[in-house]
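Each chain carries a letter (A, B and C) given by its place in the written order, and its residues are counted from 1.
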Amino acid sequence: MDHGASLPLILPATLLVLIFLVGPFGYMTYTALTDLSYSNPDQNGAFIGFDNFRHLIRNDGIFWDSFWLTIRFVAATVTIEFVLGFALAWMIWRFIERQRLLVTLLLVPMMIAPVAVGLIWRLLLQGDFGMVTYYLHKFGLLQKASAVFSTPELVMPAIIAIDVWQWTPFVTLIMLAALMSLPKAPFEAATMDGAGPWRQFTDVMLPLLRPIIALVLLLRGIDAFKEFDKVFIMTGGGPGTISELLSIYAYRVNFKSWNLGYGAAVAFMVYLVVLILCSILYKAVYWKSADTAAKV
Amino acid sequence: MPVLFSKVTKKFADGTLALDALDLEFELGEFIVLLGPSGSGKTTACRLLAGLETPTEGRIEVDGKDITNLPPRHRDIGMVFQNYALYSHKTVYENIAYPLRIRKAGAAEIDRRVKEMAQLLQIGSYLHRKPSQLSGGQAQRVAVARALVWQPKICLMDEPLSNLDALLRLHMRTELNRLHRDLQKTFVFVTHDQEEAMTLATRVAVLKDGKLMQCDKPRTIYRQPANRFVAEFMGRPAMNTIDGVVENGVFRSGNIALPVARPEGPVTLGIRPEQIQLVDRAGEDVVVLPLDVKELIEPDTLLIFQIQGKALTIRTQGDSAEYSSGTLVNIRFPKEALHFFDHKTGERLA
Amino acid sequence: MSRSWRILAIGVLVTVLVIALTPYLWMLLTSFKGRLDVLSAEPQWFFTPTLANYPEVFLDKDYLPLVVNSLLISLSSTALSLIVGAPAAYVFARSDFPGKEDLFFFFLTTRMAPPISIAVPLFLFFTLIGLTDTIFAVVIAHTSFNLSLVVWMMRGFFAEIPREIDEAAMMDGRSKLGAFLRVIVPLAAPGVAATAVLCFLLSWNEFLYAFILVAFEGRPLTVGIPGLVTPHGTLWGQVAAVAVVATLPILIFTFLVQKHLVRGLTFGAVKG
């Protein structure tokens, strides 16, 4: 197809993205360089250069706490979800013949709205009448049946566990698809070469799955880094700032304190990290496979 | 010291009966070719010997030892796969070295053996490459090197040449012959190509519907096919077979009549297209038929006639310019070239 | 040996399935519980069901329009994304031009953008043109991420259709656009349907954009539910009833598109 014919087909999509995504992004970047605030009439959006970023990086302890909290959250959830999800996928692939219904049921936690996930778990973890709280207490896993989300040392472990509950099926689904599309021949060749099950796993299966493992880790990493909905519903970032992930911090600065200039700088930092993860994703996975994936 | 298949049956989960009580025996050191049309069970037989599949019934022995349920890695058998099955993330060197590494050979020995194999198969200059950078022929050599590097007793090859283009296939064929001569190993080679079978094999095992039809030297397979199926499967074009009846020492079918020394009754007569002769005068073993179609396959010519709606093909040298459609031709069926098969079972009649 | 492993694996999978489904099941049960059963300290698995929560929240508390809003937003955003995105995906599948892969990647980054970073400027922008608190604002926001999903997913589906089909259509006298609309799109119909369902799901489930861009009028269900949760005296039966309505259609859809889900979730990198 020549360029003349393709331009009208591709232009609307590009324009839409430019106007409603790149435009706002540019506007946000500009706002980040101003002191705009709806809560302080003196700050009406004057240009202040990199002051917001300087303050954010040098003096904002809460931002850094939130940043490291987010990193720890991402590291913990992605690791646990990957190990569990891969193990489950392997079991299904190895032992179950009719998988469709099983997989569909497994997907329930991931497909329902994150807001609903947050509400379900808020209900389950209530102090006085939470179903899960009750059984945890009954089996001695919880000292007293008090609301999990108002017990500071339990908040982050609970949030991580819920994220694992919600997203492990994602890893299972994709790794299962990957396992099912593995070619048979390399494994048979390895068998004839004398490799036992463990060597076949490390020498043949893992190398073949490597691009997909990278893809799963990065997609989950990016999503976990942006986490907002369910944590916002469950704890709102609290108690205090104990579960205040970056997105929630950015939300607070923008829409609670109405410091839009400074909030834009925070939002910019969030975007920056995601963009870096994104380009790793592209280089690692799509760089070579975008066309081959379409072909296979 | 034979390899023995004893009443081996393989039924797959989907109900396909791939091998039906197969009996097959051959000696170590042979170049055995398993030949048959698709679905004949030749690949299944190969994979059973490899240990990649387990037989439903029957037993497989090597050297008098029952290996029926032995895992592949304890069988002392190497294999070359149809699609090469190289490890795409390893270099050629590491691909070839892999079976040795599994068997915990020393670094010096690995290096020596890999380089030896590489030299033998002329792939020494690609050792650092990845499989994706190899041509089909090169990848095939690497696969052969990997299967042979640890010197297994038997080397299996499952249609190894079918993914190569025609010229390369001829070349690899010659190399495999040389390799078998030099290494003195047992080769078991699966193919549906009769020409490959004829040129490579010390003995050919012809399979059909999971059963052994005949296992013999290529020459015997060609000259004394055990039944009508083998006769029609081998040779190009296929052997002509004519169903007819013997009455008073004369074989009759449609408008042909040939004197034969056979007992009375229905019989199937077979004759290879290249053994029918064109003569210029009549005789008792000569039949006159009008030519139907002429096909030039330089340097030979195929002349095709009709007997009771069935084609009779003659392969003759030269271009037969004197004949055209409708010409009446004198065709001689030499006595010594005639084969007879049971008209029901298809078995060769003595 | 292998048999006992199999039994062990099935045991593990059944446990996992119970863990995965029980919370949702509990929500379903809660939506049929009276107030006392909800607040019982000991979990009530067997109780006298009541349907009262549903009319109470959807009619008395006027949550029905929120369902309509959710539907309107999801359908409009899906339609817009497909109309704009499918032709672009076709171009990515068929033609080569300098910078093609970079532009393609650019679409991905928009999908990956953290909503909080985009929602702030969008909020400022829509305030400026006076469109906050309208469905339109949310539709646009949702289209911004659904569009890239369409482009990435549909590229794969189109690429699976042999080029010869386009060429045959053009030899039969169709224009390029005609070939695309009359021949290619119908051939890719299963892919289009799967993509549409995924777009619908993502939009239906989305929270943050809608939460920031609409305060009252035009609120979808996801934004409406948290409003029922108060520090004290939350009517969990009603919350559960809304949550059930907000999730049940999604689960049905999931079953329908499971085959293509993997592709959608990995932006075409893995075939399901």
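Here is the rule we use: contacts are C-beta pairs under 8 Å (C-beta built on N, C-alpha and C of every residue); 3 or more make two chains touch, one makes a residue touch a chain.
Predicted model only: the values in this text are computed from it and were never measured.
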item: For chain A and chain C, chains touching each; value: none
item: Chain whose Cα centroid lies at the greatest distance from that of chain A; value: B
item: Whole-Å separation of chain centres (CA-atom averages), chain A against chain C; value: 16
item: Distance between the centres, which are taken as Cα means, of chain B and chain A, whole angstrom; value: 58
item: Sites on chain A touched by chain C in the complex; value: 1-3, 5-6, 9-10, 12-14, 16-17, 20-21, 23-25, 27-28, 31, 88, 91-92, 94-96, 100, 102-109, 111-116, 119-124, 128-129, 131-132, 134-135, 145, 165, 169-170, 173-174, 177-178, 181, 211-212, 215, 219, 222, 225-226, 228-229, 233, 247, 250-251, 254-255, 260, 263-264, 267-268, 270-271, 274-275, 277-278, 281-282, 285-286, 289-291, 293-296
item: Chain B-facing residues of chain A, complex; value: 183, 185-186, 188-196, 199, 203-204, 207-208, 210
item: Parts of chain C lying in touch with chain A, wherever the complex brings them together; value: 5-6, 9-10, 12-13, 16-17, 19-21, 23-24, 26-27, 30, 38-43, 84-85, 87-88, 90-95, 97, 101, 103-110, 112-118, 120-122, 124-125, 140-141, 143-144, 147-148, 151, 155-156, 159-160, 176-177, 180, 201, 204-205, 207-208, 212, 221-222, 225-226, 229, 236, 239-240, 243, 246-247, 250-251, 254-255, 258, 261-262, 265-272
item: Residue numbers on chain B that touch chain A, as the complex places them; value: 50-52, 72-73, 77-79, 81, 83, 85-89, 98-99, 102-103, 146-147, 150, 156
